[in-house]
Every structure is written in C-alpha cells, then in structure tokens.
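Okay, got some structures for you below.
Below are two complexes that have chain A in common, paired first with chain B and then with chain C.
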Partner chain A sequence: MTAAFVAGADAPTEVPLKRRLKRAERARQFKALALVLPLLLFLLFTFLGPIAGMLWHSVDDWEVPKTLPHTVAALSDWNGKDLPDEKAFAALAGDLQAARAAGTVAIPSKRLNYVVNGFRSTLASTARNLKTVPEPGTAKDTLIAINPAWGDRATWAAIKGASGPLTSFYLLGALDLTRNLDGAIVAAPAEQAIYRDVFARTFTIGFGVTVLCLILGFPVAYLLANLPAGRSNLLMIFVLLPFWTSLLVRTCAWIVLLQSEGVVNDGLRWLGVIDEPLRLIYNRFGVYVAMTHVLLPFMILPLYSTMKAISPAYMRAAASLGASPVTAFRRIYLPQTLPGVGAGSLLVFILAIGYYITPALVGGAADQMISYFIAFYTTETVNWGLASALGAVLLLATLLLAVVYGKLVHGQQVTGGMKN
Partner chain B sequence: MSANHSPRTTSQRAAWITTVVASTLIFIFLMAPILAIMPLSFSSGAYLTYPLPGFSLRWYQDFLNSPRWMLSLKNSMIIGVASTILSMVLGTMASLGLAQWKSKFKPLVLAIVLSPVVVPGVITAVGLYFFFAPIGLTGSYAGLILAHTALATPFVVITVSATLQSFDMNLARAAASLGASPLVAFRRVILPLILPGLASGALFAFATSFDEVVVVLFMAGPEQRTLPREMFSGIRENISPTITAAAVILTTVSVILLATMEGLRRRNERLKGNLPG
Partner chain C sequence: MMDGGMVGTTQALVRFVGVQKTYDGEHLVVKNLDLDIRKGEFVTLLGPSGSGKTTTLMMLAGFEVPTHGEIFIADRPIKNMPPHKRDIGMVFQNYALFPHLTIEENVAFPLTVRGTAKAEVTERVRNALRMIKLENLAHRRPGQLSGGQQQRVALARALVFNPQLVLMDEPLGALDKRLREHMQLEIKQLHEQMGITVVYVTHDQGEALTMSDRIAVFNDGIVQQIDKPDALYEQPVNSFVANFIGENNVLSGTVENIEQGFCRVALASGGSVVAQAVNVQGPGAATALSVRPERIVIVPDGASTDLANRLPATVQDTIYLGDHALAVLKVAGNGEFMVKLPPGAHAGLGHGQAVSIAFRPEDCRALDPV
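What follows is the complex of A and B.
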C-alpha cells in the first residue's frame, strides 16, 4: 500500500488515478464476492455436497473390494472364459474365513445378490461350512464340494464384476440394462426391468398434469389479465390462497372430497347420477386431480404476466384490418402468449416429475412415480446404489429441462421491452 | 384496461362469457378443497361426511390436548424460525454481493444459489440423508434447520434481489460521501428502504420450512416430527377429524402469511408511487 502510494506520488497524476480507480473497483468486487461466499460455502455443505455424494453412491462399488480383497486381487488377471485357477479359490476361502471372523459376510452377500439371485445363501453356506483353511491345492475341490455354485463361471463373473472401485451396474440397472457374462451391455431380465416403465409413467403423469394445467390455467390467466386491476387483484386471491396453503392440507382435503364416502360421491348419489360410489381416489384419477390442483398456480402466474404485457392495440389493429375475432385471436394473440405457455408448461412439468408426497398419498400402487422408488430403495430395502442411480437419472432430466427454462425466461426478459 | 374486454360482437361476447364461466368453475376447483375441509373440523361427529351432525370444537380440543400434535407444532415453529433467520442472513448478504458483483461466473453462481428450488425434493432429501447420517446430523434439530435453510434461501435471494434492483445505489454513495461507514450506511440508509423486501423474503422462507415434508420424512427422528410430517402419517393411517383441525390451523397460518405479504406489496407500491421519479 505504502509502496504504491509513494510510486503514485512520483508518476504523472493521470495514471495513478486510473490505477486507484481500478484498485477501488477490484476491492469492491472482492467485497461483493466476500458477501456471496458464505452462502456458497453453506450450500456446498448442505446441498451440493449431499447431491454429489448421492451421485457418488450410484457408481461406488466398495463392498466386495473391502471384504474380499484377496479374491479381487486374484481375479484381476482372470480371463473370464473358464473357471478361475486354484489361486482364486484359495484367496476366496481365506477372505471368507476372515469375513466370517469379522462378521462382515452380509456386506458382499447383499451386493452380489443384486447380480445373481441366491448369492446370499451361497456365500452364507460356504462361510459356515468352511471350518478350516483348505490344504494347499485343494481349495477348488473343497469349495465346489460345499456349494456347486463355485463351479459355475457366472458366480465368479459376478464377483469380478463387483470388484470396484467404480461400477456402472446401478446406472445400467436404472435404465433396465445389465452386463452379460462377457461384459456386453444387454437388456435386463424381464422381472427386473421395471424402471423404464416407471420413468415412462412419471413423464406421462407429468405431461398429463401439464396439459391439464394449461387447459385450466389459460382461461383464468386470460380473465385476470383482461379485468380491471381492482377486480383481478381480488380474484387473484383464489389463485394465491391455494398456492400458499400447505401441500399436505390440500392433499388431505382431496382425500376427504374424493373418497367413496366423500363429499363428491355423496353429492353425486344425492343428485341420483350414480348408485354405487365411484372410485375417485387411490388411483390415477386422484393423482391427476390432486397434482393439477397443486400445480395450477405455477401455470397461471407466468401466463398471467405474459398476457398482461400484450397490448390490446394488436387485437384492435387485426380487427381493423378485417380479421375475424377467431382469426385475430389465433394468429395475433395466441402467438404472443407462447413464451408464457412455454415457461408455465416447463415449470409445471419440472415440478411434476419430481413429485413424491401427493402420488404417495392419493395414488395406488400402479401410480407411483420415480421419486417413490428412490425413497423406497433408500429407506426400505437400503439399496443405496440403485436409489442413487434412479436419482441421478431424474436429476439429469430435471437439470436439462431447467436449463431450457432458464434460456426461455432469460430470452423473454431480453425481448420483454419490445412488446409494448 | 377495461376497454380490453368490452366485446363488440355477439361472438366476442359469447367468448368472453365462456371465459368467465370457465374461470368461475376453475376458481371453485381451486378453492374447493380448502372450503370443504374447514366445516368438517367443527363437526361434532367422528366421520368426515356431510351433513354435519352438529357443531363442536372437540377436534380442536383434541389437537390442543395431544402431546404429539403439540410437539409437532412446536417443532415446526422452532425449525421454521431458526431456518428463516439463518436463510435471511445468508440470503441478504449474498443478494447485496450479487447486486455489485460483475463476473462472467455470475450466471453460474446464480444457478447454484437457486438450484435447491428446482431439484426434486426426494433427491435433496436422499442426498442429505446419506451425507448427514454419518456425521450424526439426522434425527437432530440442527440437521433439519440446515436443510430447510438451504431450501429457503433461494426464495430470500429472489425477493431481496428484486428489491435491490429498484434500490438507487446513489443513496448509498451519498451516505458514504457524507462520511457514513459502510455499516452505518447499510443500517441507516439501505436497510430501512429494503425492509419490506426483506420481510417478504422472510415470509417466503418461513412458509417454505413450515410446509416442507420430504426432507423431514427422511431426516427427522420421532422427537423432531413437524406438523406436516404428523399430518403425513395421519393421512397414511386413517384420517381422523383431528387432522382437519390441524389443516385449518395450518391454513390460518398460510392466510396470515399471504395477507402480510399482500400488505407489504401494497405498502411498497404506495411508497414507490410517492417517491419522485
């Protein structure tokens, strides 16, 4: 600081001023960054870190290398064509005895059971029956005698496939893919291949809800945008109040309304429309109704702000040029609402595909979306690898859509000034 | 604006009437759940059906006398207030910084700061569950407060940044030129002017935490169950009228928040209208 000051005093006055300004600006930028930094560090710990951790879980393959290290080492130069040699059998026998002593046999069992059904009992029975370390040269015969599965190439391929440190097993599984004995990627067996269906269902529900929100949101947004300010502010309460009401309250209310003894069924029976109560909840219909209700404000609000910015002069100009009201609406008004339609639809779709609570409470078993399976594998079966892999796919889809949304909304801000 | 909807032809009038009728039906759809559940909470009967057998406050009494519901209300308040304060401090500082920061990385930083809104709740919850469990933050107030702060801060940043955009930075410069230290300038000049924006940010943050259930579902132990979490298990098991009482209490909180927000917005618009320029 002092040196700079002294140097500044000697030099011509213009340069130090420029430099001082620059330095002041740099200090200002530094201070600005210092204000943002605490939040970034906080999010690193409470948000980015945890999500990175989840992504790591989807490729992390620690169980087998940690509990059967010598087997993994012995299999590293196995060609995979025939049964491995005596060395690998001896290593496995040693590892299993060590694992049994440490009480960790369950760890590789669980991981390998995902690959070959029944691996759990193979490992358990082998560890139990392996009383002593086999004599040198007899490990192969001993193990095959205890459990014939050790004479099967697939058993060893499963261990080699789970040797870590990283695996594509869970990510492939999330897309209904798996590797065959030769390591090529093939379709998963039919009884395990459910996730493409779940993703398709998630996107179908998301798309359906988006379309419903658009159909219901458009007239409301149009009305609110074209009423005098006082009245539209008043009616806006009908949109904002549900928006601010707890998701749980709204979901609970829909169950009360739609259950077989509920308000809607009672009303329809009273009117004589039906004799038997209709099944309106714990099925796809209930999911669509409840989710559309929750997400409708997210459609109405962007549509409203877009429509509010459309000058009525355009419609008058179209009419004066001889366009019929329908033509003017279709060719002049509608195209101008497209940015709002796009923003609202993307927003609703992004939020809808991540839904968990509403489908879990008002849907049936066949209406659960991808989030349900992520939660299920995390807390119920504790298959964190698969839960994380499904999460990674959902996250990727969400982020891609969010980038498109960001571009769309940003573009609107740029061209916003041209509309009026 | 009112000239906008003065229909000139019959077909235009018909279209406008259709819009009004359709919108009315959609408004009913939007309000139906809230309106349907309210009277049921005052029912004297144990079934959630109409007509009500009679009026009573027994379900509210039930709510107030239930240690489980009261604990959940207390937990919601503790976690809500704590995460609001924390997210206000972090979010306001970041907004002040972002308003002055010029860098090509700014869009990236903004995207990171806002990302907790976009990422599906289950992904955040699962990530936090994996991350916090080994360090003992699951089943604790601290873990939930940290998680809710992360979810609430984007709303603070959005609201406060919007307020700062309309704030004239020359006022801060004037304060500095008159000898105010940055801290004094912030406290005496900037803060009073952006206070309504801060208040809306705080309301948003509180509402976010007060409503959140997915993260709580994964991370809360029995001692940290919040009101929405208690409602979740209540709905799962069997909807008793006590839940409707809880729902009405939650809705009342929402109405108060919304009314405060609306009041702040109006006040802000009035202030802007009165300021010259």
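What follows is the complex of A and C.
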C-alpha cells in the first residue's frame, strides 16, 4: 500500500521535488551568507577596493585630458607623421592660457615629463610667455618662437600619447618597455630600464629565502610533529615566539647582532677567527638572514600540520615491507609532505616578494626589492601610475604562482571516492 | 639462548625465549614470554587491551626491542635486526596503505624496494591483485576504496614478496560485522592455500576461534594458555581463560577432597558439586567452578536425573536468540547463571519459577578462585 503510493507519487513530482529541496536549502544559504557578510564587507573595503583602485591607477590617464581638453580633441585625428596643423597649436595655446589662469599647468607637466624629460619647463615657459591669445593662423609660429620644442614631432606625440582616457604607459614602464614615436612597443632606454632587474632581484631573494626556510624549517617541523606532546608544545612556543615581537624590533635586533661592531663580529674577533670585521649587514647576506628569520614560522607551521597528519604507521608499514629508513623516508614520507612543502613555500615566497621594511633596514642599495620602489613612487615622487603598475605586475606574478600551486595540489589530491 | 645450535632440529619458525618488555622501567608489559610458533601455523595472540599481545607482535616485527630475552626466527636471533631486514609481512589495523600511491604501486612497493626486476614485479603484482579479486582497481588510490577492499590490498601487499612470516595486528577491527566474518574466511583460505605462517593479534575471541590453529591467551603480560581453539574452550586451565573464551558460569566454593582427578566442592551457599580438579591447591582451598551454558540441563522440579550434580535454581529471565534460547537463573547465589536451551524450550519457564539444574562432573572444572 505504502510502496504503491510512493511509486505513484514519484514520477510526476520529480521537478517539484528539486524545487522543494532548493527552497529548503535557501534558508541555510542565507544563514551562511549572513555569517560571512561582515568579513565580506570588510574585505571589500580594505582589500578588494584598494586592489581595484591600484589596478585602475595603473592604466588611468586623466591629467592631460582634464587640463588640456581642446588640444586632446584637436590631436584626435592627427596622423602623427608630421607636425600637427594650426588648429592643434591654437587649441594648445587656449588650453595653456586657461590652465595658467586656473593654476593647473603643473598637472599635465608632471605627466608629460615622465615621457619627455624637460617637458615640465617647456610647458611652464610657454604658459608664462603666452601673454595673449595668438592671432588666428599665427599660433604655430608663436608657440615655436616661444619654445622650439613645439616644432618637434616628439613633443606632440607625447601629448597625444598621454591623451587618455586609458594608457599602457605605466605598465609598459614597469616592464622596462616604452612606445616609440610610431607607437610600437620597444625596450626602454638603458638608463630607465631598471625594473626587470628589480623584479629579478625580488624573485631571486624570494626564492632564496624560501629555500633557506625550507632547509631550516623541514627538520624542525619533523621534530615538532614527532615529539611527545609536552615537549613539542614547548618547541612550538619557540617557533611562535617571533610573532610576539614586532617585525621592526626583530629586524633591528639583527642590526645589533650583525653590524661591524656587533655581537657576531666581536665574538668572532675575540675567538681569533677573524682579524677584520666581516661585512654581515647592509648587503645581501643580511637580507637573507633577517628575512629567513622573520619568515621561518610561515614555513614551519604548514609543514608541521601536514606532517602531524602523516600516521607513523606508514613508516612502520614501509619498514615491515622491506624499505630501509632512507628509502621509506624518500618514497613514503617525503611525497606525503609535499602539500605542506608547497603551501609553506608559496606562503613564504609570496610574503618575501612583498617585503619592504626588512630589506630597507638591513639591505644595501643593490638589495632593495620591488616594494621599496613602490613605496618610493608613492611617497617620494607621487607617481601613482608607475607605483600602481609595479604593484599590478607583482600581483600578477603572485596570482600566477597561486594558480600553479592550485593546479599542482589539485593533481595531488584524490578525486572523488567511488565505493561499491 | 646458548642452545642456538640445537634448536635447528625443532619445527619452530619463531621462538620467544624468556622475553620481557617494560616501557617505564617499573611495570613489565610482557612477563617472561616463552612461545614457539611452527612453520605454516596460524597462531592468534588473544587478550584484552593492555595484556601485552600487541607489544609481543611489535617486538616480533622489530618496532619494539625486548628488555630481556631473545627472539629467534628460523633459529637466528633477531633482537638487533632492524625491521626491514626481518622479511616479515605486516598488516596493520588501519591498513596503512600509502595514500599517495595507487593500489598497484602499493602492492609493488615491497618488490621494488628489494630491487626485483620490472617484469617480475608486474607479474607478481598482477597475480596478487587477482588473488584478492581487485585487478580492475589497480590504478585507483587507497582513498577511493572501501574498507574491505583496502584491507584486501593490505593483505596482498604483505604477501606479495613471499615473506617467511606474516603478522596481522587486529586487521579486521575497523570493518563491520558481516564484512569481518567474510574476511576471516578469506584470510583463512589464503593461509591454507599459500601455507604461510601467520601471527594474528585480536581481542575478538570469535575471530580467534574461527581462524586459528592455536591461540595464545594473554592477560597481564603472561600467556595464560596456548592451545587449539576447541581445547581452549573445552579445557580452560584457569578462570581467566574460562571467562574470556565464550560464555561461562562461575560458582564459588571450597575444595573438600580430591580423588582421582575429581574433587568435591562445597558451595558457599550450601550444597556440593563434584568437579574435575584442574587448578586447585588441595582440600580446604577456595576454587571457582566453571560450567559452560550448553553443558547444563534444566530439570523440572520433582523429576529425576542421572546427572551427578544437581542444584536448585530460580528462573530470572529467558532470552530468545533465534537459533537458541538462554535461561538466566539464580543458582547458589549467582544471579547470572546461563543455561543454553534448544529453541522453543524456554516457553515453559516463567520468572520466579523454581527448577533444578544438572550437569556431569566431567563438564564442571574446578579452577583458581576469581
């Protein structure tokens, strides 16, 4: 009786059943959403918002269109081969006078000076010397007379290139690239091409620190995971101890230890190992030491949690099946720690390539990483475009790494249990 | 230990000689263990948790070192031999299949670490997987298999390199009852087909009785009795074994006299019983009588019986169990006295009814007092 009823009700209600399930699930989903909503909003304002802003700044080109609007309009159909026509000169003269009256000449000057060195003074002198609006038809001669730079195609190409609304100028600049007069992408002049080196240095230091952390952290994590609970807790406190001290204090402690009159050098000299103090700081060595020290816990903790989950039964099984301790470690233990190695390395590497304070304090001029330049452009020269572009490239590199890691880990994992 | 040359003539594959083990230097987990295991034998170490059975197995596998004494495998002392050189296959309670390797790679592991030729590895792995009927899952990972399948893989992995000895540490503990019973038969068949020597640890007496040639009952670090399953059940040598293996009825009393292997025991509540004198000190000593539930008959009040021992009893309860029934009686102060009845025979018994029970002296064993 019951079976017949169920069978009869089954077929026609298949779709409504799904709908009913969805309705039942909805309340739960709302509850889950409500729980994460505060964090989501927080992240939106403090993380996603700024990142979107940074990405926007790296392509935004507002200075010239805003302050020289007529010039930009007049140049819109310029072919770029010869000098622009009289109309453009007249528009520029008008725009400059308006800008001078409004006191905004400095805004396009700064932007255009990135492209052509000395553009700032060209604009300033032109604005200053342009007493009246030139007679119709004489604008070209008047401007060239004031500053011969206006007779140069490159000057106008710079204005056209900066006429917005979006630009690839900063992003290309962050990769040591630029556009030539014809708009083709070429390598930047050697004296400006520093960022590839800086990125390479950043990644080298990041990689070096990651490897050092792995070498130093792996045995510690192994010990932590295999000690009896009491002693491993004590050791864990030592691992976490650095987190209780500020980053700045720890970095300064390294300066005290490593400087030429520092503890290490004095100790070595007292022991008679060296006569002259070793140069241990304000160079790459100091950067590696201090950064490895700061980042070591970020390697140990993921390794520890992975190793803790590896049952000692696996090593016993391997031994009972005839594997020597070395073979068992290499073929059974090590592969199972790889997710932890990956997570720890990714974490340390990503943190390391974003480091600013530590290399700034214990590194030399040749050890400054990309963050130093980002900070330099935001606080010293207020070149938001280039700072954002450098940040965007760094972000892209980090994302790429995360994707690669995700693929690797996904490949490791077992997909879907099938039981029968 | 000095007679290493002489034991070559014995049949024993594994010999424990005076083995002791302590972890804390105060308590012995294993006390003076002497145990011989013959080639081709299936020996189960049975006992409650903490009885020393797993420690014994771990010493044999090489994961624990005896504090005193020596263990021989094929007449070679192995106390200082690392586990991977002992040529012992082991099946663990939680299978311990390597999660990052496929089933095929797991089974091939003991062969590849021994540097076996590739073609031979393939051949033997295929045979091993065929033996456990899992050839079609060769490329799965352990996480994708059910508990029973994982256990079979662990078995294949422990057997594929033809070890001289296979150890199993409660291998079926994580499986459900039906699967466990099925796997018991499967392991038993494998043992018989391949003629391997197996040392099996369990706390499940049913499992031990089903599979073993001999069972060593452990308690408190001592082997209480080592015997064939039927002997262990029918002829327990002490109260621990009688109580640990199967259902047992205990009656406490005092020995009055001993004569030709039988003794008369006065029960504390009055009355007396004739029993086999198995483990009694002598006249006047306390003893615990052991009678199996199926060796007792219930005699209606007033009826006569030719069984020598007859005691008054009161029915407490009857339990229907399908293929048989149990009557719970109060006999000589023991309120949990079980009598096994054929199905249907419990119908005439009601709570509080006065009956008599009777059993043969041969079926009643006077053992050490509990």
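A few notes on this one:
Methods note: the second predicted complex is superposed on the first by the 355 of 420 C-alpha atoms of A that agree within 3 Å, B and C clash if a C-alpha of one lies under 4 Å from a C-alpha of the other, contacts with A are read in each partner's own complex, and residues count from 1 in each chain.
Just so we're on the same page, a residue touches a chain if its C-beta (ideal position, glycine included) is under 8 Å from a C-beta of that chain, and two chains touch if they have at least 3 such contacts.
Since the model is a prediction, treat every value here as computed from it, not as a measurement.
Once the two complexes are laid over each other on the shared chain, residue contacts for A:357 go to chain B alone; chain C is not touched. Comparing chain B with chain C, the partner in contact with more residues of chain A is B. Comparing the two complexes, residues 325 of chain A contact chain B in one case and chain C in the other.
Looking at the complex, you find that chain C touches chain A at residues 61-63, 82-90, 92, 94, 96-100, 109-110, 113-114, 140-141, 143-146, 157-158, 161, 167.
Remark: chain A residues 311, 313-314, 316-325, 327-328, 331-332, 335-336, 412, 414, 416-420 touch chain C in the complex. Within the complex formed with chain A, the chain B residues making contact are 1-5, 9, 11-12, 15, 18-20, 22-23, 26-27, 29-34, 36-37, 40, 47-50, 90-91, 93-94, 96-103, 109, 111-113, 115-116, 118-132, 146-147, 149-150, 153, 157, 207, 210-211, 213-214, 217-218, 228, 231-232, 235-236, 239, 243-244, 247, 250-251, 254-255, 257-258. Residue ranges on chain A touching chain B, taken from their complex, read 28-29, 31-40, 42-43, 45-54, 57, 216, 219-220, 222-223, 226-229, 235, 237-242, 244-257, 259, 261-263, 266, 293, 296-297, 312, 325-326, 329, 350, 353-357, 361, 371, 374-375, 378-379, 384, 387-388, 391, 394-395, 398-399, 402, 406.
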